């Protein structure tokens, strides 16, 4: 048996769910393992995720596409099918703070993240030893006034390694909008604040200056507008007057690890749809 | 247009969702407003909640039952249909701590709880003035060695007021198993601990003695086994060595209000299925 | 025995704590019940709260002041002494959303807030019946292009009722900076967002539009800069794509009740020092 | 300048704080960096932590002891002085789940844990490569019906490496009470439930069976009574009917990492006093 996930979005209409379910059962004799749906009443849009299994030989992406096109066209769907045996290929970007890198590598090793980590790219060499320990190639591409050339090399490496998803694991360089636009909803970043509060650099310093009682972290898809992309996950923790800026940074690292790794896992498990600069998360 | 909620549970089988959706669209020309489902792979059971709207004249419970029986029988469903215009009738039980009573009455007044609060029963008169302020009748039935007679009178009042749901809003008497068995999954209690820790009386004292760093509260359906019924909601808050038992009690009240009112709201909105001493909550 | 709280702030210096403690024991034979301190290393400032008890006849504010002045002057302290038997007098301001008002009145009745609620002022009459139920006078002062006159009348009522603290319990009018400046660190507001995110009106709508995964509420002292005053408490709760704006508003009410009532209790218990647009909370 | 932490516990008495502060200033010309205190009114006990700095040559543990004895005896104190430049030596115990090990090693490397990790002992070899990557020796001591002999060897290694603190980083063997009694309040364990709920083995399975809506993790000092030692930290996360046992295990790992690493850090920073099977945490 093969498992697959069908993710789709379309204008809301009567008969939609029945049509999809009938198709999966009639054409694929599918067992539905999980199904989740969301309706945005205001925008009149419908979102669905169906996880199903069927006989191996039935599920070829091409064939599925041919068969499903009739329904997809009728209901004007934006859709994708992901077979579970096809693991996404991931590239991590990192700078000098290694806590998210170490966390993702360990989670991957422990089987928590169903993907291939194809390579890690750093603008500093700090993450190299740990990355290599896990048997993954590391490329150091320093950025010093040569961003365009570096980005070209990064893109080349991503193509060469057939990467599906880029994860900015506390990568401290800003990617150009040209770069970002080639990876729509395929770059995940972690910002060390509770967005939209404290956009930009040094958010823990800004949070300290404002005297907030909670600090946060946010994982989001990267768009051309810095820190403005669709939010995937957020979390917060309590701070007091006794917490200095280094304390905020330390407490924040625990949040960053959690919100980034959850976002990556959800993406890998095809649990995220994005629309209107928001995300729908199916759990 | 009329809104209604269909809640059902049955053995998991292929074609189930399509069959239900086809039925609602074909027979009722229904707009599906929300649909949620859950599968328990281990037990092979399927759970679903569908909120839909259709023309008023189409939806008569009797007629729905006649039509739906074919599918319900085929798939061996346990099911219920609730029309939104039929508001459940609720009775609150209370003793001397009035924080949950005051909270539920205010939420009801503010339109947060879609029900009729038909009456309040207290074993002490403390809640009478506030209940009457909200225009709701209050009955004082003291319990002093006459529990059987009091329960008979309580049951009479519940029948007389055609009550659908009983809410124990910090009612400090234990209901007999005879009483409880007449209201399966229709009595909601709040226990002032994070169950299953600190079962029984004085849970805050027990939590203090154990030196826990978080205290909790739990709302659950009442079964004949005290504090052992299906859990509906739980929440916790942090405590420190500086918190005395009165502090725990005060902090706990905030948790009790929230977990009890959420449980009541979910029940009123037909969001809860129970099975195997657990609950499925559709959100 | 009388209980009292000494709150103070001064430049940090050696011997400070010993000097204070020696004074309290030598001059007042005091039992120290709780003591908390905070140092801001960057600003070189010291903050302390001491809760103590001593013989009744010893503690007269005038006499304390005479005696303590020597130390206070030596260490250049800003300080205040509050005797526990002197309950602060509070005025609540309210508009049409009554959840915070109902919550504060019930907590006060239950003994959770050690104060006199001297009066409630509304720009709408909605809160009158509930306020009167609790035996508290209610004044309706509608604001329709006559803000200056209304504020004059509000100030007159506050003086007449000898009010120490003003609590804006979802009061939807903006107070003039002239008004605010007469009540430094003596007006507490609740803002229905996780400040500094979503400053201004309709924060839940803004949070919905941005697609955040957590919403929050903030209690703070009011200063002339709207939503910019020292933050006292904040809390958040999780939201999903399934939550509509009315859901956010409902979930937010639970946060508002908690952060506002905590802020009020902390103020009443003299647990808050403010400096540099921040607060120090002693627990 | 040298930094040091003085931790003490004694019967509560007047003049205590002044006496301690006077001593530190008069004898050591100390700058007080932080001071925290706690009083247990019921037991009449006083707890204090003072972090201070003074000239290097002044602070020799022997000399401090000689001088401080007068006060300590007078007030019947249990006390300890820790100089910050003396880093505690830690041994981690591990089995086959490596997430806590990897987390502690990475935090140590990043400077978050001020200690020497002297060695790691595993009853399985799984953690060896990662431990060695960080330059730390790893000893594999399988436990198969030879617990007494293994514990003797473990004790020998702990002595040889002059270990101050043992951390059970998901070590799945139960230490004998003979072993435990030699390390009072010097063994920290993480239990994968919200204690006292779900004591014993397979707590996630038990939590799943009970249908709880939150799962937790607890770090605590190990005593001869399994899972009954003084609790240091706890945390919880929300689960739903959609979470299977493997999901609970995965979600729980995030809690385990956080509560264990916090407990270790607090111990290393001398922030924990234990009494009456509870802990006092100074932050």
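Letters A, B, C and D mark the chains in the order given here, with residues in each chain numbered from 1 onward.
In this section, a contact is a pair of C-beta atoms (placed from the backbone, for glycine too) under 8 Å apart; a residue touches a chain by one contact, two chains touch by 3 or more.
Small disclaimer: the values here were computed from a predicted structure and weren't measured.
Separation of chain B from chain D in touch steps, taking the shortest path, is 1.
Taken together, chain A and chain B share the touching chains C, D. By the residue-number overlap criterion, the interface of chain C with chain D counts as same, with over half of its numbers used by both chains. Of the two chain pairs shown, A-D and A-C, the one joined by more C-beta contacts is A-C.
Mean C-alpha positions place chain A and chain D at a centre distance of 36 Å. One finds 42 Å separating the Cα centroids of chain A and chain C.
Contacts with at least two other chains are made by residues 34, 41, 240, 242 of chain B. Taken pairwise by the contact criterion, the protein chains are fully connected, each one touching every other. Here chain C touches chain A in the complex through residues 38, 40-41, 47, 194-198, 210-214, 216, 230-236, 240-242, 244, 276-281, going by the rule given at the top.
Within the complex, the chain B residues that touch chain C are 34, 98-99, 102-103, 106-107, 109-110, 112, 129-130, 133, 240, 242, 250, 253-254, 258, 283. In the complex of the two chains, the chain C residues touching chain D come out as 14-15, 17-18, 21-22, 25, 29-37, 39, 41, 238.
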